[in-house]
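Got a structure for you, written out below as structure tokens; questions coming shortly.
Chain IDs A, B, C, D and E follow the sequence of writing; residue 1 opens each chain.
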Amino acid sequence: MVPLSWYIMLSAVVFSIGVLGFVTRRNLIIVFLSIELMLNSVNISLAAFSHYLQSMTGQILVFLVIAVAAAEAAIGLAILIAFYKNKPTIMADEISFMKG
Amino acid sequence: MTLPQIFFAYFAITITGLSLLVVTRRNPVHGVLWMLVLFIHVAVLYLFLNADFLAAVQIIVYAGAVLVLFLIVIMLLDIRKEESERRFNWTWPAGLLAFAAFMVFFIAILRDFQVFPGPGQYSIEFIKSQGNMMTVGKVLYGQYLLPFEIASLILLVAIIGAVVLVKKRAE
Amino acid sequence: MFNALNIRLIAPELMLALTALFLLLLDLMVRRKDIVAFAGIVGLIASVFVNYRLSAMGMSGSTLQGMFIFDGYSNFFKMIFYINLFFTILISLKYMVIEDASLGEYYALLFFATTGMMLMAGATDLIVLYLGLELMALSTYVLVGMLRRQVRSNEAAVKYFFLGAFSSAFLLYGISLVYGLTGSTNLVEIASKLHSLNLINSPITMLALIFFIVAFGFKVALAPFHMWAPDVYEGAPTSVTAFLSVGPKAAGFAVMGRVFFEAFGGLQVQWSSILMPLSVLTIAVGSIIALSQTNIKRMLAYSSIAHAGYALIGIIVGTPEGLTSTMNYLMIYTFMNMGAFAVVIALKRKGFSGENLEDYAGLAKQHPAAAALMLVFMFSLTGIPPTAGFIGKFYVFMEAIYAGYLYLVIIAVIFSAVSAFFYLRVVKFMYMNEPETEVVLSMSKPLGISLAVTAVLVLIIGVYPEPLLNFVRASLW
Amino acid sequence: MENTLNQLNYPILSLIVFTPLLGALLLIFLKGRGAIRWTSLLVTIGALILSFPIYSAFDKTTYHMQFQERYEWIPSWGINYFIGIDGISILFIFLTLLLSILAVLVSWKSVETKVKEFHVAILVMETAMLGVFVSLDFFLFYVFWEAMLVPMFILIGVWGGSRRVYAAIKFFLYTFVGSVLMLVGIVVLYFSGNETLDIIALSNIQYPLKLQLWLFMAFFAAFAVKVPMFPFHTWLPDAHTEAPTAGSVILAGVLIKMGAYGFLRFSIPMFPDAAGIFVFPIMVLSVIAIIYGALICFAQKDIKRLIAYSSVSHMGFVTLGIFALNTQGVEGGILQMLNHGIITGALFLMIGIIYERTHSRMISDYGGFASFVPWFAGFFIIFTFASIGLPGTNGFIGEFLIILGAFSSSKVFGVLSATGIILGAGYMLWLYQKVFFEKNDTDRTVPDLNPREFLLLLPLVILVFWIGFYPETFLSFMHVSVDHLIEKAGTGTNAENMLTEYISGMFGGSL
Amino acid sequence: MLKYTLIPLLPLIAFIINILFGRKYIRDKAHWVSVPAVLGSFVLAVSAFLDVKAGDVINHNIYNWIVSGDFSVSIGFLIDPLSAVMLIVVTSISSLIFIYSIGYMKGDGGYYRFFAYLSLFVFSMLVLVMANNFLLLYFGWEAVGLCSYFLIGFWFHKRSAADAGKKAFIVNRFGDFGFGLGIILIFLTFGNLEYHQVFGEAGSIIGQSINIFGYNVDTITLICLLLFSGAVGKSAQIPLHVWLPDAMEGPTPVSALIHAATMVTAGVFMVARCNPLFSMSEVAMNTVAVVGGVTAIFAATIALVQNDIKRVIAYSTVSQLGYMFLALGVGAFSAGIFHLYTHAYFKALLFLASGSVIHALHDEQDMRNMGGLKKYMPTTYKVFIIATLSITGIPFLSGFFSKDEILWRAFQHGDLGKFLWFLGTVAALLTAFYSWRLIYMTFHGKFRGTPEQEKHLHESPPVITVPLWCLAFGAVFAGYVGIPPLFMEHGDVIGEFLAPVLGHAQGHGTHAEEYFVMGISVFVAVAGLIIAYIMYMKKKDLPQKLATAFQPVYKLLLNKYYIDELYSKTIINPALKFSDKIVSGLFDGLIIEGIVNGVPTLIGSFSQRFRKIQTGVSSTYGLFMVFGALIIIGMVIFW
């Protein structure tokens, strides 16, 4: 039997890597992927909880998260494209016309 | 170590490694491809956790739809010229520090996470007897009807949003 | 089973969602967008009516398997959302034409976002809460980026989207931890499980709590999770900025109140002590950085950050009275902020942003009425009696002092004096500077109505707050 | 309470207080400068006339609040619309009503831009000021107290002098910081006093000493800034100097009285123990203010600024008198506030009048004016000597009573404060000499007072001598109330003696 | 009662009429308002005097002036022998000077103003004199100061005049500072301010003391000294004498009325009025006496070398006032008042006569530019001689009687008295000298002014000379109400008259001693005359020689002991500098303003600095969120 904490640790590690990617990468596509990583890490832990708690809620939530993630992807990428049309860049630190 | 544990160890290490690859690749296309591999691994983990339905959704929606969307967008944006630029923000050491701190905190806090509440009704046997799909369906359309409906709204918004944002308008 | 499926209790939300769908269809059929907006208002009023009827019938209680609740608390916040939506539509009509982005979808998205907020306010399950939040968030991402030919708007959308998604990942992580600990996502059940399983002092619970704070803090723009706000507020279409500065913030407070008080009621001391420094930091950051702003939208963004800090004090107090004071604050904030943005919008015309403080120079000479209204809103935001802003602050401070947070209040009042400076600057430009350029207001009837209504309400609440207070109190118990 | 709640059977005070506000609302719909000016003049005069019944019906034999009106306002918080006056506040009502008329009159010609806004601001200001003096509920009090800031801010900032914006913002922020601290104090008081903000009820509670100290300090922050006491005075010269004449008159005449009024109405009766402890430092600050304000006057080049600093000095007398905590001191303090309102108000009016002709406030631009504006010079000298405290003028009565009171409570302070009289003579006569004497350029033509200006100053001159020769008219209102106040202040336990003794020990035990 | 009330009220009415309507309507007819008023007062004063003489003492409260707690003071009049005498002095001299002014001020632009102020002055002085309590006394006291301010600065275009008026007022304020405190102390001690009450209870507080700055001071002494400080200011005694010479900037009638005959003697009157208090404090009495004595001689020395005709007389006034205080200080209150009374006549005469001279010379006041006026202005010369004889104490003129009484009383007054007598005698010598010097320089020798002036030299018109003669009459015969018992039993009518108020002067001495004292004083008077005659008539280069020989002394005297310079160097300039540089510049300008403006500036700079954190890069924002979360986790969970 795999202990629950292993899953949790895996989830934590992936989550942290997602955070790392979010704050360090310039390319917003990769940043977006980092967010997906974080969502996946949550999904892993949710699925694990669901399994160990013998509860269905976790699985439902994972399903819904995936749905939301898809929606997010659609909108996020649309926003990126909209931006790109005006200023051809997708580098995080170049999208900083407003500051202060 | 038991066999499941070895299996898990493999997946854990691979997923971690893939995650790192995703966030470090210069070329976003590579990142997306590594992500694909990662998603498949995660899907297997879902199977491992008796979540067949999720595994399927993971492959179909995530790997099949979302990542393809990513690839299309990457192609659309034609960002080749940026491949030669810096990969990381100037603040990357701070990010690394945050990462390290997160790791430390998580390990310290979540190291021996246990399940406290008693087991619920959806034991492996119960699910097996009904079939995973059936169980999920019943719960989803019963108890979680409202969230499901909201999710539909969210998807609708996503469609409208995408259209509003990128559709060519008749000026 | 269908007994529990009491759909009536979610009728207002349904009404709104259906209105949104109807607007999408209507948009295809009519060319004139003001008809769409008008239809939207009809739908809105219908929803309000339904809501009112339901509460007048004494309906309340949870529905849909305990996912959703119809109670006074959520009704109060729904009130805020309705008002927010109503005024946003009114001030958008002409503005979106000027911005060349008059789309039927715009109104539909406003309705979807409001539906999301209402779901958040009524959510008694973390899953609904999360989905409501995402519904609201996704709609607002699009709304922010609505002016797709303007880089500013795009940039705002990019930032808002990425940071928003980032914060909701934290929320999810928190939800997963709570779920793992308690085996449930239902707020009441979480509370009882936390209690019965003796998890109150567990660090994991704390971790989950902190992640909730991060996510909710992001929505209400608490420092240091506030940094998206100025950029997004500045870049977004002004009407959307007005919408954003009230709706998601109120929704954030709504879920904060609900989750903290219901699910984490046992950890009140802990979350109070976490929120307290955040509140101070928020007020300080908002007040101080606002001082050096020259763009009024950006300044109002910082001001709204500071106001989040004040409103948070009521939550920190950790008593139902405290929560009441926060609710009261938010309602008042809705009026004054909407009013202020309405004036900002009035200045906008083709080829003239009207967003710089300099653009307000001599406004009192050219448009005394607009200047006077702005004056009222600015002083209300400062918290000078007899405007509503004072009542809001007074109530919050009162409850905080009652609970013993004297020093917090002293800091808060001192920063409110600091904040007076930048509000005064607007007044200064309007009244004490000579006009540099001729300002033509793009007034329209709906805009005029919203200005008049907000100003009158700001003054009425300031002079006679009793009905509002009764309403707030009645909604909580 | 007895049946002296309201001798008149109609809500006289509300009527007085809100008449100007209604007038302001009316103004919004008026067009034409003349109409606006006449309307606001009539409204202010009307308010004064409305107030006549209260002077005759006022019962001088009781310290209870009279003409009370009490309606539920915000029952959720136990807050009432509760107003009434006693012998302390009645004079301020009169002063406010009078000076408001003059403020309108003096602006007849000098305000040419945004006339409507100006008069609206003045009238709103009048309501707020009156409100402060009649409020018997802290919440109501605070509402009026803060509401004053807005019109005043606008008055200074829009129609003021060259540095008006700076002055306006400084004024606003300064007083705002002070009053928000008071707000905290009010809320604390609310919970220490059975969740009520009824000033009378709160006055009857004995608070623990430590709480009293804190509350006293919170209120002190607001009142000391408003008075203004040294070292919180710097907003005053800027605000007074830059404000338009009407603004200066109201500022000097009424606004800065509110701080001292606050001490009388709240600080002393509610926190007698704390007041006892703070007597020493406040008297020290008062004496410093007297001397400091006077000394600074010698260094001024701007007439208005000089008068403004002289206000610091005179208000030092007021606070000194009040905190002498004996009948003469307090009565002198109250009377001196009235006096200061009349005298300094008049001086600002006169400076405004002459400024309209010369467009300069610099002392060096004047000289020899006594020959071409003799009436003006004559009026000015009356107020100059009233300000100096010449017997026969109102200034004398106030200052004498204050010094008497201060001297009997502490000889050192009495003596030190009396030096202010010498210095006062010094700078005022210096000013007068520089403005009206010396030079003799005959080719300069400056018109003398016109009938409007004459009428404007006449009531003040009459008051100067009236109070100077028969102060009893005014003092008689306050006798009973002041005695009651002193009695209350005397109820403080003697716990503070330890502190005072300790401090005076450091000064050789001679105070 | 109306009769008594009208005494001060008539001039007040005249003032009001003149000041309100003078400029437009009355103009050069102002005297038709004021002169009848003051004459009316005079008549009423005489009538009041007769009432008092018949034994009445009028003590009447008109109304309660100030009431506050246990403090209560009325406006009310006390007419007793002392005030009756003062009333006569004030109203009579005023009447004469008013008439004189008609001629003197003719054609002045401020004619109406002048009479208005003078009327106001008379009102104030009468209030001062008639007051029945200390506060009303103070009222009059300040009001005469006010009038003095107006009248000194009457020609306000002249900077020196404006300065002098201001100086007079402010220097007086220094004295009044003490005076006021004295009154307050009286109230706190006796609980009352009415003369009768206070004096009646005065005995009960002997031995009481007050703690001041850690020292125990006898209450009554303290009160007396504080009151006396007021008198020092008003009566121009050392060290507050500096204003009086400068006050000569005012028109001459003013100098005569205010700065010689009446106002400056208010201090004497006040001390005399408070004799029950003063006589209870040896320290106070001695202080009064010494200050008086020293002032007498000090002022006289300055007068020796002054060249401005009015200044000489002004210093003479200071000196004579010193005499009066000397008298009071040795307990000879009635002698002091007696001298006040005689002095009023001859000093007013001196001033008016010199005014006549000045008038004739078109405002020339420097004696070096005069000379030989005898032949142009015989009347003036004659009255001048009479006045000088009187002031120098030539026997059987009024000055002789009063001066002699003072010196005799001083002589009787123990060791200190002897010393004071010595001072007084020397001062008498000096007085004689400078008075005659003045006469010689002005009226004898050759005219030293411009030919232009000489052309216009003329005797003054009757409106000026008649009052001069009236005063001359007073200067000769006023003293006959105080013939010393030595010559005539019950000759000291005024002493007897005043006795109920001022008490009988005690003192014992033999007739021989009295003759000795008298002889000495007559001798010095004559000696002064002779010395002056020698120096200014015979050896005209002697003064010059002496001046060069005793250069330092001469300079010192010429510059009035440098007292003005001392004050401006040590008090006024440092104070002004202190207020300008330290208080206004450093403290208010830098420290307080610095803090007040510094805090917002600081917050503003914070604002500028903190806004840089908002980089605009979403990664940074994320980083802040993450660190925010991390810090909270670290604080909450791991702390």
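Criterion: contacts are C-beta pairs under 8 Å (C-beta built on N, C-alpha and C of every residue); 3 or more make two chains touch, one makes a residue touch a chain.
Small disclaimer: the values here were computed from a predicted structure and weren't measured.
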Check: Fewest touch steps from chain A to chain B?
Finding: 1
Notebook entry, point to check: Which chains does chain A share as contact partners with chain C?
Noted result: B, E
Check: Which chains share more C-beta contacts than any other pair?
Finding: A-B
Check: Measuring centre to centre with C-alpha atoms, which chain is farthest from chain A?
Finding: E
Next item on the list: Specify the chain with the shortest distance from its C-alpha centroid to the centroid of every protein C-alpha atom present.
Entry: D
Notebook entry, point to check: Where centres are the averaged C-alpha coordinates, which chain has the largest centre distance to chain C?
Noted result: E
Checklist line | Distance from chain D to chain C - Cα centre to Cα centre, in angstrom | finding: 43
Check: Which whole number of Å gives the spacing of the CA centres of chain B and chain E?
Finding: 103
Notebook entry, point to check: Roughly how far is chain A from chain E, going centre to centre by Cα mean, in whole Å?
Noted result: 96
Item checked: Separation of mean Cα positions, chain D and chain A [Å, integer] -> 65
Check: Hey, what residues on chain B touch two or more of the other chains?
Finding: 89, 91, 94-95, 98, 102, 105, 108-110, 113, 115, 117, 120, 144, 147, 151, 154, 157-158, 161, 165-166
Notebook entry, point to check: At which residue positions does chain A touch at least two other chains?
Noted result: 4, 8, 15, 18-19, 22-26, 31-32, 48-49, 53, 55, 57, 60, 64, 68, 71-72, 75, 78-80, 82, 92-93, 95-100
Notebook entry, point to check: What residues in chain D touch two or more of the other chains?
Noted result: 173
Next item on the list: Pull out all the chain pairs that touch, please.
Entry: A-B, A-C, A-E, B-C, B-E, C-D, C-E, D-E
Item checked: Interfacial residue positions of chain E with respect to chain D in the complex -> 19, 23, 63-71, 75, 135, 138-139, 141-143, 146, 149, 153, 156-157, 159, 161-163, 165-166, 169-170, 173-174, 176-177, 180-181, 184-185, 187-188, 210-214, 575-576, 578-580, 583-585, 587-588, 592-593, 596, 600
Notebook entry, point to check: So in the complex, which bits of chain B are touching chain A?
Noted result: 2, 4-5, 8, 11-12, 15-16, 19-20, 22-23, 25, 28, 31-32, 35, 38-39, 42, 45-46, 49-51, 53-54, 57-58, 61-62, 65-66, 69-70, 73-74, 76-77, 79, 82, 85-92, 94-96, 98-99, 102-103, 106-107, 110-115, 117, 119-124, 126, 135-136, 139-140, 144, 147-148, 151, 154-155, 157-159, 161-162, 165-166
Check: In their shared complex, at which residues does chain E touch chain A?
Finding: 611-612, 614-619, 622-623, 626
Notebook entry, point to check: Okay, in this complex, where on chain B does chain C touch?
Noted result: 105, 108-110, 113, 115-117, 120, 142-147, 150-151, 153-154, 156-158, 160-161, 163-166
Check: Considering the complex alone, what residue numbers of chain E touch chain B?
Finding: 617, 619-620, 623, 626-627, 630, 633-634, 637-638
